[in-house]
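Chains here go by letter, A, B, C and D, matching the order in which they are written, and residues are numbered from 1 within each.
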C-alpha cells in the first residue's frame, strides 16, 4: 500500500463529511455571520453601501413599541398554541395507547394534518372560516350562533391562527407521545399491577416519570418551531388585522422586505436566534434520561 | 401461606389456538413447585393465569380456598419475579423495593423498617441509593426478589428469574432462592426451561409440552422413570441417549438391536410388557451415566470408537460412535482417551423403553396427566 | 414470554365441550371504552374536515360555492375547476398551475437527491466512527433544523442576488438542504446504527473491502430506512413555503406558493384554488401514509424510535 | 495452518485498558481457548487478530509476519461472531456461500464446488433443511450454526470462534463439541476459540489462556488448569466444579502450623506444612477446596468443625449442599448428605484428607497444593 493510499484511508471520515460541510458553510454559516454583521450596520435592502453602527439597531428595536408588541404577540401565540397542542396531544396519545381496535387507522387520520403544507392548510381553513361562504359559520348558525369573521376580526384573529396551528401540530405531539408511551414495556404495567398499584398510581408513579424525557423533547420541538413559524400567519392574516397577529418572525420579514431595513431585520433575527438557543439549551438537558 | 389449585384449566387464544390444555394440579402449601418445559409449552401462560395477568378460558384457579378467576392481580396477594427483572428504571433500589408498600399507603416509618430488613436478607443494604441501570444482573434480580418478599405475600410466582444471569451468578442465586424459600416457607411456583435448575431446586416438577402436562413428580422420579420420550430427552445433563431399534429374540433372550448396538433386556417388568408387544420397533433410552467406557473389552461390553471427549473435572463425557449411532457415556476423571481410539462400552441394566408410536414409556402405559 | 403454541389448533368440537369462563367487565370500563371511541372519531373528523371541505369545493360549481348555505354533500358537481388548473398558460385566472407543479418537482427531486448524496456519508461517519466532536456535529445538524429561517434567508436573499442563484432551481435545491440535510444525517445515522457492526466486520474478514461492503451489505439493509427518509425529505421539501416565497418570484415559484395567487384582486377563486390544493397535497399525503411506520423517527430526527 | 503470536498486545477504550500487554502463542494446528468472564477482553482480542480493532500497543504475528500493515481482507482468517452477524438479506445458503464469492475470490470456486462444500458443512451442522430460509426465520441455535457454517466453509490460515455454540441446546452442544474438534483436527487449522464456559473450554481446548480484566492469568492444558490453578480467580471461575474459597489465617499451635478458619483451628497435611513453613506465621491466606473433596458428617468428628445447612440442591447422584460457616458459604457433595436434609441441620466438616489449595491473601496467587493423600 502506498503512503498516499494509507493517508487517504486514515482520513476517510473527513473526506466523507467534506462535501456536506462545504455546502453548510455556504448556505448556513456564511448567512448567519453575514446577519451578525449586518445587524450592526445600517444596511438597506436596495443599497450596497452601509455604515457600521455597532449596537444601534439593537438599541433601536429594544426601544421601539413595534418590537415589544411583536414580542407580546409571539409570547401569546406560542404559549397558547403549544399549551393547547401539548394538552390535547397528550390526551389523544393516552386514548390511543389503550387496548384499541383500529389504532392504525386513527393514527393515519390524525397524522394527515401534520403532513399538509402549513401554508396550504391555512388557505383551507381560510375558506372553511370565511364569514360569507365558509361551512363553519353556516354550521354554527344552524345551532343558533352568530359567529364572527374569524380571521379578519381583530378580536378573534389571533385565536384563529392559534387554532390553525393547533390543527396542524397537535398530531405531532400525539404521535410522538404515543410512541413514547408504547416504548414503556408492558412488563412495567404488569409489575405495577401485581405490586398493587391502581390505575391512577400506575399513571402517576410509572407512566408519567418515564415519559418526561419524551414530553420535554416534544416541548422543545414545538416551542422552537412555533417561535420560528411564519407560513400560517403570512397566508391567513398577513399579520393583521392591523398588527394583531404580527409575531416576531413576521415582523422580522416586514422590517427586512417591506421596510427594507436589512440591519434592523438582522437584529430581529439575531434576537430570535438567542431566544431559540436559550430554550434549546434549557430543554436539551431534560430530554436525556436522568436515571441512566 | 396458601395452596394453589388448578382445576380443568384451559387457555385458548383467538378462540382456537391452544396454550394450555386441561391443567389439573395442586401446589401444596409451603411447596416449591417447578413448571418445566421448552418455550411455548404453556408454563408461563399457566403462571400468568395465577397472577391474573392472563384471562382464564375455562376452569378454575384457587389460591387457598378462594377462586381467583375474577380477581385483579392486586387483589390476589401474590408477588412475582420476572425474567427481565421488571424494575422501575426511574426509581432507586430503595424506591423499587418500597413501591408495593407505597401504593398501599403504608406509613413511611414502617416502609423504612421493612425495606431495611428485606435488603439485609438479600444483601442489598449498601446499594439502596443506586438506580437499576447502575446494577449488575445479579443485583437487579436481588432487587426484584426483595420487592417480592417485602410484601410478605401468600404466594411467590417466579418466571425464569435467573435465565439471564451468567453461570456463576446463576449458581449463587439458585442457593439464595432455595434458602429463602426454605426459611420463609412461602408457597412457590417457579417457571423455568432449564431442567438443571428445576431439578436442583424444586420439591416437585411439572413437565409440560405443547400445553399438556407430561409428568409430575419429584426430581428423582423424573430422572429414574421418565413417563415418555419427551421427558426422557428433556431431563438430565448430559442428555439421555435415545436409540431407535427392534426387539429380537436370540437364544431365548429378549434383545434390543439397532444399527450397531445390541443389548439384552434384563428387567423382568419390562420383559413382561415388551413380550406382549406386536410391533417389534421400539425406542431405547439410556442415560450417559449408565454407559461406562472401558479400555479393555469385557464379556458384555460393546465395541465403540471415541468421537468426542469432554473433561469436566471430576468426570468426563465421552462421545462414542457405536456402528451408526453416536452415544454419550460418562467416565471417571482418570479416563483420557484419544479421538478415534477404539474403546468398549459397558451398559448398565438401567434401560428405558418407549413405544415407537405413542412415545410413552412402556412401563407407564399411555395415560395423559399423570399425578 | 410464552405465547400460544404454533400449530396446536383446537377443534370446534373440543371447544364446544368447554365451559367458557366469562370475564367480568365493569360498567365504568365500558363507558370509558365507548367515550374513547367517541373522542377519537370526533378528532378524526376534525382532522379530515378541511381536506374534505376543500375536496367538495374542487368539484363544486360556482353557484354551489358562493352561497350562504354551503353543502358538505349532495351538491351538483363539475370538472370546471380542474380544467382551469390544468389549463396551463391558457388559464383564465392567469395562474399556470401545471408549471407551478413542475417547479415543485424540479426543486424537490434534486434537493432530495442532493441531501441523500451529501448526508448519507456523514450519517455513516457519525454511526460508525468515534471521534471527540461527534456530539457537537450531531447537535450542529440539529440546530440547522432549529435555526430561525429568516436569520438565514434574508442574508441568503442578498447573496443569491449577487451570485445569480435567485429565482433558480439550483438555488432552491441548495437552500432546501437546511431542512433535508439534517433529516438525512440524523435519521440515517439511526438506521446505520441499527445494523450491527459485526455484519460489516464479518464481510471484511471474509475478504471484502470497504466500498464493496458498503454497496453489497450495508446499502441493501438500509434501503427501507433510506426510502422512508427520502419520502420524508420529499414531503418537507414539497411542502416548504417560505424558501420559494422569499427566494423566487413570478412563474418560478413552487405550487405551495402559487396556490395563494388564486386570491386575486377581484376575489378568491375558491374553486380552482381548491382543485390546485388537492393536486398539491394528495401525492404528499399518500407518501406520508406509505412511510407512517417511520414517521415518528423521522419527525424527531431519530430521537424517538417509534 | 499458521502460528499465531501475540506480543504485548494492548487495547484501550478511552482510559480503560480492555487488553493489556497480552502475550501468548498458538502453535500451528493448535486449538487455543480464550477463557474468561464477560468483559474480560476475549472478543476484543479476537477482533484485533482479525484486524477489526486497531492495536494501541504490541504486535500480532502470523508465522513471524507482523500484521501491522496487513488489511483485514488480506489476513486469511475466518471468524464466527457471538451475535452471529448473518446477512439478513441473504438466504442461509447465500450466507454460507458469501466467503467464497467476495471479489478477489470470485471465480476461484466453481458453482459445483461451492454447492458441494456447503452441503458437506450443512450436514455436519445439521442445517441441511434450512438452506433456503432467511436468517430471520431461524431460532437462535439455528442462526448460530449458520454462522459457524459460514466460518467453516473456508479453509483459512486461522479460524476465530467467538462463543460459537453458546446458544445450542444440550443435546446439540455435546455433538458439536465432537464435530468441531474433529473438523479442526482433520484440517489442522489453527483455531482461537473464546468462551466464558468452563465446560466448553475444557471440552475444546488443546490449551487454555485464562483472561481476567484484559490480562493473561494462566496458560495451560485443561488438566493443568484444573489441577494447578495459579490464582484464586482461575480457581473459582465458572463451571460445575467451582472451588470453595475460604479466607483463613496461618497460626502456630503447640509448635505446629494450623489454619484458623472461622474460629476453628485446623491441622494441615504434612507436605503442605513443609511448604508453608518458610512463610510468616500470622499471615492471612486463602484456602480452596472443591465440593466433592471435603469430608462431612452428621455427628462430630475428629479434626472437624461445625457448620449448618444453608440450601440443598439436587444434582447427579448426591445433592449439592451449601453449608454456612460463620459468614462463609461452602458447597459440599457428600454421600452422607441426602436431599432430605433440612435447612439449619448442623454438619461437621473436615479438611483432613482432601486436596487443598493454599493461596496468598494479598496477591491471591497459589502458594501450595496438597496431593490429596493422607499425611
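By definition in this document, a contact is a pair of C-beta atoms (placed from the backbone, for glycine too) under 8 Å apart; a residue touches a chain by one contact, two chains touch by 3 or more.
Computed from a predicted model, the values in this text were never measured in an experiment.
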Most heavily contacting chain pair (counted by C-beta pairs in contact): A-C
Rounded Å distance, subunit B centre to subunit C centre (Cα mean): 53
Gap in Å, rounded to a whole number, between the CA centres of subunit B and subunit A: 57
Separation of mean Cα positions, subunit C and subunit A [Å, integer]: 16
Subunit D: positions in contact with at least two other chains: 71
Touching pairs - complete list by chain label: A-B, A-C, B-C, B-D, C-D
Contacting residues of subunit B [partner subunit C, same complex]: 10-19, 39-45, 48, 55-60, 69-70, 210-211
Subunit D residues within the subunit B interface of the complex: 37-38, 170-171, 174-175, 177-179, 181-182, 185, 196-199, 202-203, 222-223, 226, 237-242, 290, 292, 310-316, 320, 322, 329, 339, 343
Parts of subunit B lying in touch with subunit D, wherever the complex brings them together: 166-168, 171, 174-176, 178-179, 182-183, 196, 199-201, 219-220, 233, 237-239, 289, 307-314, 317, 319, 326, 328, 339
Subunit A contact footprint on subunit C (complex, rising order): 36, 39-40, 43-44, 46-51, 53-54, 57, 65-70, 72, 117-119, 121-122, 124-125, 129, 131, 137, 143-144, 146-156, 158-159, 174-175, 177-178, 181, 185, 210, 235, 238-242, 245-246, 256-257, 259-260, 268, 270, 273-274, 277, 280-281, 284-285, 288-289, 292, 295-296, 299-300, 303-306
Sites on subunit D touched by subunit C in the complex: 47, 50-52, 71-75, 77-79, 81-83, 85-89, 98-99, 102-105, 150, 154, 160
